[in-house]
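Presented sequentially are two complexes of chain A, the first with chain B as partner and the second with chain C.
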Partner chain A sequence: MIENFLAGSAALFGDPFTIGIFVFGVIGGMLFGAIPGVSMLTLAAILLPFTASLEPAQGVMLFAVIYCTGTYGGAITAILFNIPGSAENAPTAFDGYPMTLKGQSGKAVGAAVLCSAIGGMASALVMMAATEPLANWAIRNIGPPEIFALVFFGLAVASSIGARTIWKGWMSVLIGLLIATIGQDPVGGINRYNFGIGDLAAGIAFVPAILGFFAVSEIFVQAEKKASGKYKAPKVSMTFPSWLELWMHKVAVARSVVVGFLCGILPGIGATLAAFMSYGEAVRWSKNREEFGKGKLEGVISAETANNAATGAAMIPLLALGLPGGALTAMMVVVFQMHDLQPGPLVFMLSPDLIWIVFAAMFYANLSILIIGVVETKTILNLLKIPFQFLAPLILMLAATGAYINRGLVLDVIVMVLAGIAGYLLRRSGFSIPGIVLGLILGKIGEQNFAQGMQMVHYDLGTYFSRPICAILIFAGFVTLCSSVYRAFKSPKSVEE
Partner chain B sequence: MARVTRTHWVESAIFLLIIVVFYGFSFEFNQPIEIYRYGATAWPRVIIGVLLFATIGNIWFQHKYGSSSQGTIGHNEDEADFSDPKTVTRMAGVLLTPLIFAWLLKPVGIYFSAPFFIAAVMWLFGERRWKAILIMTVVIYVLFIGLFLVVLNAPLPQGNVSPFYDISAWILTMNAKLQGL
Partner chain C sequence: MNKLLGTAAFAAAMFATSNASAFECKRSEASFDKPDGFPERALTMIVPYGPAGGSGQVAAAMAEAVTELTGIPINRDHKPGGSGTVGMTAYMAAPADGYNVLEHIDDASSAHALDSSLPNPAEDLIPLVISQVTFSQVYIRSNETRFTDWPSFVEWVKAQDGKATIANVSKEGSMERVTMGFITDAADMKIQQISFDKGAPRYGALLGGQVDALFEQPGDVRNFLDAGQFKPILTIFDERPEAFADTMTHREAGMDFEPLLRFRGFYVHADAPADRVEWLQWAFQRGYCEDSYQAYNESKFMTVIDSYRDTDGAKDLITRSVAQYRDVYKAMGLEVK
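Let's look at the complex of A and B:
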């Protein structure tokens, strides 16, 4: 493996043009990841036609690098302005933004930089060592029932995040799940809840909803504070987390790498679920659960380690089996096909050079996050010095454009604003925005895999429990749910009235 | 019952209305799918059922404990303070301005409406120095046009009503000329 890695590194850095493409991918991915709505997918889509003129290794490598750095890029705006660059950065905002409000933005961004790099590099190393056996294991043992069980397990913990009571936590998750049913049903393609609006047939897109629930609702909350004279500008802090602080979170980092990697390896799940699951696990295992969502460093560490750990893992089904796990990896299949190649087991035999250049590039791209991220952070933190009355229209303009660009629908901008108003009112009434977003994102995945799973087992639910991974996940979900039900009927800890 | 406030009743009524509307509309797509026994309605109706249970549970909780917290993770302790009429009026402006802007995007387009929207948001956020509003509106508008039109060449809403459409078309033509397209 080491010899192959060194050969891949030499091929990557031996040619100035390949280095140029690598640097372009690193910086482009970070920038596009950080601009709300204009995700790494936008950059990848723009670049797709141009990859035909590149060498196959250069084209695939460029996309792999954009994938790694784009996943990190969205963390910066999530932490500083509560605007996740994309869905996989949403859990980063849960604790990252409260840290900014507490004057610990430097610490949060520093942790995001370091943990994204660690997660990505660890994942790249495992990918290099075990792509073939892991892909074979996953394809034999993971199917729709397991993915549904994983979604169930993820949703079970969501009721206790961010809401004032367990009841409101459940209501938040369920509203998210209900919003996810708008659009075509995943099996028969039947239109649901389009209320006579043609554009709603495509469903509610994640990006406008996330921008509305997080960024726009935050603007409204700050506006209310300004109006009532309670507004306090966030303090700019350049203090990065100390090594001791990071060392104290070593278990969280290790757990997030494992969670991120396992989620990333599943086709169709990827970095978004990885970040949410990892955040949920951090909450589940913490002794100070009540501190999450109020600016706990472990929340940022868990989400950012996991989403980058998922990037290397997502390459495993793609390279070893030819199965893309998400939109960006699907575009990589197109890059392969443009050069008359087919990703899958044969690539390892026919084009080992290409594989090892890609592996090496992904490792160095994650390393670049560490180097460029530190420099970039010091500059970007100064944005917080801009008075909020000037920052608010800038954020709203970026959010509105980001919501529109994705599908070119004015409806998406309206959805974003309505989500912002709903998010503002729900937040002020003690409901959970993370819960709604989690329900919205996992709803479609859950329904699709439940339906496929039921068809697979001929509607015999008992078969779900004869599959070990599925049974463990469903059991763990039920235990969490039962404890949640028990807590829901318990008297509250503190009485405010 | 004293612990259940008017806000609680309004909140519960909204959720019950959502449940009724979504359940009612589920009959519109209640048709069998040949390859899937449960059809398109099963999943949303299960969610609606559990949401009804959670809403009733929430009312029960509020009846018994009022607005108490249950020691969940990371919820916001702040509650909206709408006792001051000035705050209410200003917040109504803050909430409605982006909605009106979004609504106007189709007929008016973003190129014409953006500067007015930017200035309005600044004013609503308490900025009263007209020079600052003017300068910052120009700065943000130029940044916005620079990033999305010149650099990214992104297709943005141009409006479909004259003269707004013509203004957007003029801006796009100027951009094309500047870039030598």
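Let's look at the complex of A and C:
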């Protein structure tokens, strides 16, 4: 492995043009990930036709690098402005933005930089060591019932995040689950709650909903404070987390690498589930659950470690089996095909050089996050100095652009505004915005896999419990649920602010 | 149900097109005068699916070919969701000035068959060209030991008493679900269809043994076929395509139904100016002949049968498909509006 890695590194850095492509990918991914309104997918779509003129290794490597740094890039705006660059950065905002409001933006961004790099590099190393066996294990042992059980396990803890009471936490999750049912049902294609609006057949898209619930509702909250004279501009803090603080979170980092990796390896799942599941696990294992959603460093660490850990893992089914884990890896299939290659077992035999250049590039791209991220952060944090009256319209404009640009639908902008108003009112009433977003995102994934799983087990729910991984996850989820209900009865105000 | 399936003319049309032959461009004019300078700017192509799927890829290949031919750039605007309805709605709301074109698949025809208030691709739109026509197959893992061909598969499925599974895109009224209905009726077997809307989990389910078989089109699983991981055991087409000479057809397996085909094509609004439509027809039909597009089609097994339909041929294919779907839906007891 080391010999191959060194050979891949030598090929990567032995050619100035290849180095140029690598640097372009690193910076481009970070920028497109960080700027609300565009994403790494936008950059990838723009670049797709141009990769035809590159060498195959250069084209695939470019997309792999964009994937790594783009996943990190969205964390910055999530932390500073409550605008997640994409769905996988939404859990970062749960605690990252409250940290900014507390004047701890530097600490949050620093943790995001470091943990993104650690998560990405760790998964790159595992990817290099065991791509083929891991891919084969995953597709043999993890099917729709297991993914549903994983989602159920994740949702079981969601009531604890950010709500005034556990009951309101559960209501928040249920609201999210209800929103997730809008649109065509995932297996039969039957329209639900679309009220004859054709565009709603596709359901509520994640990005507009997230932008509304987070960014727009926050603008309303801050505007209200401004109008009532209670507004305090967040302090700009350049203080990064200390080594001691990071060392204290070593278990969270290790757990997030594992969770992120396991979610990322599943075909069609990817980094979004990884980030949400990892955040949920951080809450589950914490002795101070009530602190999550209010500016806890561990929340940022868990989400950012996991979503980058998923990037390396997502390459495993892609390269070993030809199964892309998400939109960007699906575009990478096209890059392969443009060069008359097919990702899958044959590519390891026919193009080992390409594979090791890509592996090496992903490792160094994650390392670059650490180096460039620190420099970039020192500059970006100064954006917080912009007065609210200028910053708020700018954020609204960027959020509206971000909501519209993905599908080009005005409906998505309307959804964003409505989510913003609803989010503002729900927050005032003590409901949890993270809980709603968790319900929305995990609900869509969970419903689809539950329906597929039910078809697979011939509508015999008991069969779920004959699958060991599935049974363990469901049992653990029920234990968490019961514990949550017990705590609610024992101390109804236990999580009250 | 079989009696309702298609017409003799449809069958004849399919037979007439089933033999892939050396490529011959059906549109001979190498150039075509622009009507009043049209187009003087880039065209927009609305694609109702994501950029990485079959539609996204064929849209990219055709856009590249037309641009090579005419020098006119084509911006692709992907509007995925709702089985193509979001993109179709957006297209119908776009100006009918010839600058907006649409990529769509046979789902538009089946959707119209189920609900006539939805656009009819043969009347509300003008097909510029259908550039991909393909058939479906049933696949198993190459290392499968429980069954090795269609007869042994059917025997095994019957022995499972409804517990066998097949992965496909079995949305209500879809080509996949309808065809599977034909197959199970004709073979007198029960098989549980597992619906996966994305390709990766669908193919992973077969590779990992989560399902017993897969219903798919050959171009979409070419890498698995080339890698020797999947093996076709049934071709749902009236005769054996040369590339799959060893695989029996549904006719040979004793199933007497007309195959439903997957087709992808390009359209313009029926109200677009006639001279502009004429130029677009030339550009897209001639684009089909470009080397780059032909190379793409070949890589996707789209030259195994005749993938080309000009406007009239496309209208004919769509009209027959709509009628066929409508008959089948009624027979299935679905509410046909």
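Miscellaneous remarks
The rule is simple: the second predicted complex is superposed on the first by the 490 of 497 C-alpha atoms of A that agree within 3 Å, B and C clash if a C-alpha of one lies under 4 Å from a C-alpha of the other, contacts with A are read in each partner's own complex, and residues count from 1 in each chain.
Throughout what follows, a contact is a pair of C-beta atoms (placed from the backbone, for glycine too) under 8 Å apart; a residue touches a chain by one contact, two chains touch by 3 or more.
Please read all numbers here as calculations on a predicted model, not as lab measurements.
Overlaying the two complexes via chain A leaves chain B and chain C side by side, clear of any clash. Applying the stated contact rule after C-alpha superposition, one finds that A:A45 touches chain C and leaves chain B untouched. Of the two partner chains placed by superposition, only chain C is touched by A:G183; chain B is not.
By the touch criterion defined above, A:G154 reaches neither chain B nor chain C. Contact with both chain B and chain C is seen for A:G408 once the two complexes are overlaid on the shared chain.
In the superposed model, A:Q455 lies in contact with both chain B and chain C. In the superposed model, A:G70 makes contact with neither chain B nor chain C.
In the superposition on chain A, contact is made by A:A330 with chain C only, not with chain B. Contact comparison for chain A: of chain B and chain C, B touches the greater number of residues.
Once the two complexes are laid over each other on the shared chain, residue contacts for A:R140 go to chain C alone; chain B is not touched. In the superposed pair of complexes, A:K226 makes contact with chain B only, with no contact to chain C.
Chain B and chain C never share a C-alpha pair closer than 6 Å once the two structures are laid over each other. On chain A, the surface touched by chain B in one complex and the surface touched by chain C in the other have residues 187-188, 190-191, 408, 451, 455 in common. Across the complex, chain C meets chain A through its residues 50-53, 56-57, 60, 64, 77-83, 85-86, 88-90, 162-163, 165, 170-174, 192-198, 200-201, 203-205, 207-211, 222-224, 226-227, 229, 299.
The residues of chain A lying in touch with chain B in their complex are 35, 38, 42, 94-95, 98, 160-171, 174-175, 177-178, 181, 185, 187-188, 190-193, 195, 216, 219-220, 223-224, 226-228, 283, 289-294, 388-390, 392-394, 396-398, 400-401, 404-405, 408, 410, 413-414, 416-418, 420-421, 424-425, 427-430, 432, 447, 450-451, 454-455, 459, 487-488, 490-497. Across the complex, chain C is touched by residues 45, 48-49, 136, 138-144, 183-184, 186-191, 198-199, 201-203, 205, 267-268, 317, 321-325, 327, 330-331, 333-334, 337, 340, 342-346, 407-409, 448, 451-452, 455-456, 458 of chain A. By the touch rule above, chain B contacts chain A in their complex via residues 3, 7, 11, 15, 18, 22, 25-26, 29, 31, 33-40, 43-44, 47-48, 50-51, 54-55, 57-58, 61, 65-76, 78-81, 84, 86-87, 90-91, 94-95, 98-99, 101-103, 105-106, 110, 114, 117-119, 121-122, 124-127, 136-137, 140, 143-144, 147-148, 152, 154-157.
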